[in-house]
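Each of the next two complexes has chain A plus one more chain, namely chain B in the first and chain C in the second.
On to the complex of A and B.
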């Protein structure tokens, strides 16, 4: 294998795979990047493919390069990135010796990095383009942002360890839902594309979703093709393909915990509520972070009590004329939900003091957060 | 209470605010947890009313958060905390939090806390906090012999496996009181026969490895009772399980000193059945022979320390034959 590639292109490709490579060292080969050079049809044309996987999530990016001899090798993804990051912005020449060492030359710098045979690297899955749908990157990124915070981090509850994705057949919208049992968030979006090719009701794991978010946040393409087949998911954006193993499990019947009979509702400015909540939470009990919400006519009173430190209380003027209500929440869950809705104002709705609260942005009926209450 | 008593209590509709599931038998612990899970949680809403915390990594705040949440679309929540003393330093912060949290559960009916552990420090404050509102479910392994055999028969019945004459006894003997392993071995044995057929002792003998731990007194008893062949089999198993030769020699020397004391009119401390067994064994030897046996043990000890040409295993085999014949 012998090629030449622009330093910034190589650095970009290696940076992208850093979060994928396996850090726990359970299989040493997974700490490596798979480097494959293929020759193009024209003279001095070709491509360098950089891939990494931890067997749950995998990514492959293809970059333009001048390939003299095609070939493949694997080498430490971290060390290669550290080397390339320090190189000047000049063409980088890479060749592989017969004992799988990578010879890297750039300007007057020269490195010889130990590699290993590409045959030892796990095969990345292939995916048919028939089962994909093209969706706007921006919308997909927003949906992930609004839901991922609520996904469960406890690995023993695998069916909650990701975001559930379903197609709402009556409105042709895509819905993403996540819950850890203490809070829930969903968002519906009409993506303006044909979603019929997508499998319905899949759970995308948190790590795969974080990589997907990173991919859609890159600013070089407006659309991303997503697809699911069996227990695999794929996202393609330009020359980058992300693979992920989907979670096999049954997502809970989440609709039943979304309060429908809202008896007390108010419209409140998110910034004001968030700031007050942060202040009051400073003296909440360290163990539970419970903050009490007391609603009376025209007023929302937030209070906390820590037996070791003291008490905090703050009143907010609100447009509320319903029944008096007292309910407590974990301040962190409420702040996460308010932060994720990314709205100026929200409808804050309550059924009673023992039922979950519903948070709906005033300008977006298609997204919603639910926070379960705590014992006062 | 025993797991069966827990199941009966849950079936009667009684659910306590806290349970302590303690014992070294993982199968019994898992079954008790599953019974509690089924009794406490409503199907359909269980993902929203269940928290499982691992003592090794969970912080006290997460425990209080889990215990403080109200049930959603159900009457109760279930919080399972496993191995609260597993964190570094005995999980002091977590166990202190438990000691504080458990009494507070007594008044409420919405949250059920279950703490599961293989071993606990019974002197600790958190353990004592469980006394009042909670029930302790003991999940100790059955004793080798009759209790293990009873489990084998019960489990075979549950799995619908017919065991032929001597098959249950051999399974219990070869696997010992490891219930999960026994369950798997019964499943495996059922595959060796046609549907509805009986699993024979020969099939168990061919398909089940001998993995049960052999206590050292099985060796001393086989020698003392003159069962040379059994003694050699037990010796091989004990050595195979990792016992070190000096440890075996010490056990043999102690045993033969006891026999000599009893044979010369003295007594040996112990429960009546042990004393009776020792008297029976001492009756097989003349005092002079017992002194000879002690001398042989001493010589083997010297040989094992480098004076002899035989390997440790061979030297021990020769000694066992000499002592038991």
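On to the complex of A and C.
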């Protein structure tokens, strides 16, 4: 293998795979990047592909390079990145010796980095482009942002460790929904295209989703092609392909926990509530983070108390004329939900002090968050 | 500050002697009776034979063949302990329980009510004696450390008051091992450096002690001068509940380990329910049978913990979590001790409610637990157990309710 590539291209490709490489060292080869060079048709054309996987998520990016000899090798993804990051913005020449050492030259710097044979690296899945649908990057990013925070981090509840995707029967919209058993969030969006492989719904794990979010946030293409097949998912954007292993498990029947009956409802400005909640939460009990919401006519009073520190209280004027209500929430759950809706105002609805609260943006009926209260 | 340290004399043994008049005046040894048994407490008569707590039972038998060996009943001692603490709380609300038979009391500012501390202590001792028939020794001092040493020296059935001026003179001749946290290792290291008594430490340069023992040396230096800043902390809530047992013989059979897990989990869960708490974290503690160093700490100790998705007070949920931990520990050698602990405790109020209906059978489990608790209250621990377990053979009983200052 012998090639030459622009330093910034190489750095971009190596930066992208850093979050994937295995840090726990269960399989040493997974700490490596798979580096493959292919020759193009023209004299000075060719491509360098950089890939990494932790067996749950895999990513491969291809970059233009001048390839003299095609070939493949693997080497420490972290070390390569550290080296390339420090190089000047000049062409980087890479060649591989017969004993799998990478000879890296740039300007007057020279490195000889121990690598290993590409044959030892696990194969990344291939995916046919026929099964993917193209969706706007921004839309996908928004949907992830509005749901991922509610996914469960407790590994024993593996079926909640991701975001569930399904196509709604009546509207043909794509729904993303996540819950950790204490709160839930969903968002529905029309894609304007058919998504195959989604007939039964799929659960994308948190890590895969985080990579997908990173991918859609890169500003190189406005659209991303996504598709699902069996227990894997794929996303292609520009020259980058992301593979995600899906969670095999049943997502709970979440529809039945979304409150339909709302006894007390008010419209409230998100920024004002968020700021007050953040202040009052400062003196909430450390473990529970409980903040009490007391609703009376025209007034919402937030209060907290921490046996070791003291108490806090703040009143907000609200347009409310319903029954009096006292209910407590984990401040973090409420703040996460208010932050994720990205709305100016929300409908905040309650049933009673032991039932979930419902948060719906006033300008978007297609997204919703639910937060379960704490026992007062 | 005026601190009392109240400590029951040979508590478990004294309860046995009170309840069995025929054992009075005889050496009574409470503890495990199996081959691995350890002495929990022994009466003063037994101490004359050289028997002491934490001594292997077989050794106690050798020293004192005519002794009365009793397994003891934590339940009875627990009931007795409750009565004693009720008496202690008559004198001050600031009672910090250290164990079933030991407590610190902050009696600062009670002179108007009870007279000088010495008078209060005499009255306290008399009330415990007349209402429970048991002896309690009391140390009075300006700080906790000194009060504890004083009650120790006052035993049996005594009272010792150390006034603030008398503290340096009182501590000076005592061996360094009397200080909190100075065990055999630190003791030997201090002795090697020429510090034999607390007085030696009090005179020493704090910097030298720091060089010898690290940051902890500074603390030792302060303690040696009678400067103990720790306060009596009555409201400190229990942070963990645990139970463990040393097996009669080394165990490698997973079924036997699981049986022990179930027994401990059920017991810990019962105590949680009793105190209206639930736990989010489950800890499995294993001491391997392989000895790697001399002394009681010479066995490798494994501790594994996991967080439950919902806080629980159910023995089944706790034991299932502990089974997982056992499987993950991937044991390949026999075990000498097994313990199940819970921490990250939450009360009923402030409990995060769940969106989804709990697993099927959850309600029924709750009712079952309530019924079991009722039976246990009436007929004692062990009156009902799960069919799948026979209580593990225990060499020593250990119920612990650990507090904040004692992590892990």
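One rule holds for everything that comes next: the second predicted complex is superposed on the first by the 371 of 376 C-alpha atoms of A that agree within 3 Å, B and C clash if a C-alpha of one lies under 4 Å from a C-alpha of the other, contacts with A are read in each partner's own complex, and residues count from 1 in each chain.
By definition in this document, a residue touches a chain if its C-beta (ideal position, glycine included) is under 8 Å from a C-beta of that chain, and two chains touch if they have at least 3 such contacts.
All values reported here derive from a predicted model rather than from experimental measurement.
Colleague: In the superposed model built on chain A, check whether chain B and chain C fit or clash.
Modeller: clash
Colleague: After superposition on the shared chain, which partner residues are touched by A:159: those of chain B (first), chain C (second), both, or neither?
Modeller: It touches chain B, and chain C stays clear.
Colleague: Please indicate which partner A:183 is in contact with in the superposed arrangement: first for chain B, second for chain C, both, or neither.
Modeller: second
Colleague: By the touch definition at the top of the document, which applies to A:257: first (chain B), second (chain C), both, or neither?
Modeller: So A:257 meets both chain B and chain C here.
Colleague: Once the structures are superposed on A, label A:330 by its partner contacts, choosing first (chain B), second (chain C), both or neither.
Modeller: both
Colleague: Under the stated touch criterion, which partner chain does A:374 make contact with: chain B (first), chain C (second), both, or neither?
Modeller: both
Colleague: So which bit of chain C gets in the way of chain B here: 134-142, 206-214, 224-232 or 278-286?
Modeller: 278-286
Colleague: Per the definitions at the top, what is the overlap between the chain A residues touching chain B and those touching chain C?
Modeller: 154, 156-157, 179, 181-182, 252, 257, 285, 287-288, 290, 330, 354, 356, 372-375
Colleague: Under the touch definition given earlier, write down the residues of chain C that touch chain A in their complex.
Modeller: 306-310, 344, 346, 348-356
Colleague: If you look only at chain A, which of its residues touch chain C in the complex?
Modeller: Of all residues in chain A, those touching chain C are 152, 154, 156-157, 179, 181-184, 252, 257, 285, 287-288, 290, 328, 330, 354, 356, 370, 372-376.
Colleague: Can you name the residues of chain B that touch chain A in the complex?
Modeller: Spelled out, the residues of chain B in touch with chain A are 44-52, 54, 60-61, 63-65, 68-70, 72-73, 97, 108, 110.
Colleague: Can you tell me which positions in chain A touch chain B when the two form their complex?
Modeller: Contact set of chain A toward chain B: 154, 156-157, 159-160, 179, 181-182, 252-253, 256-257, 285-290, 330, 354-356, 372-375.
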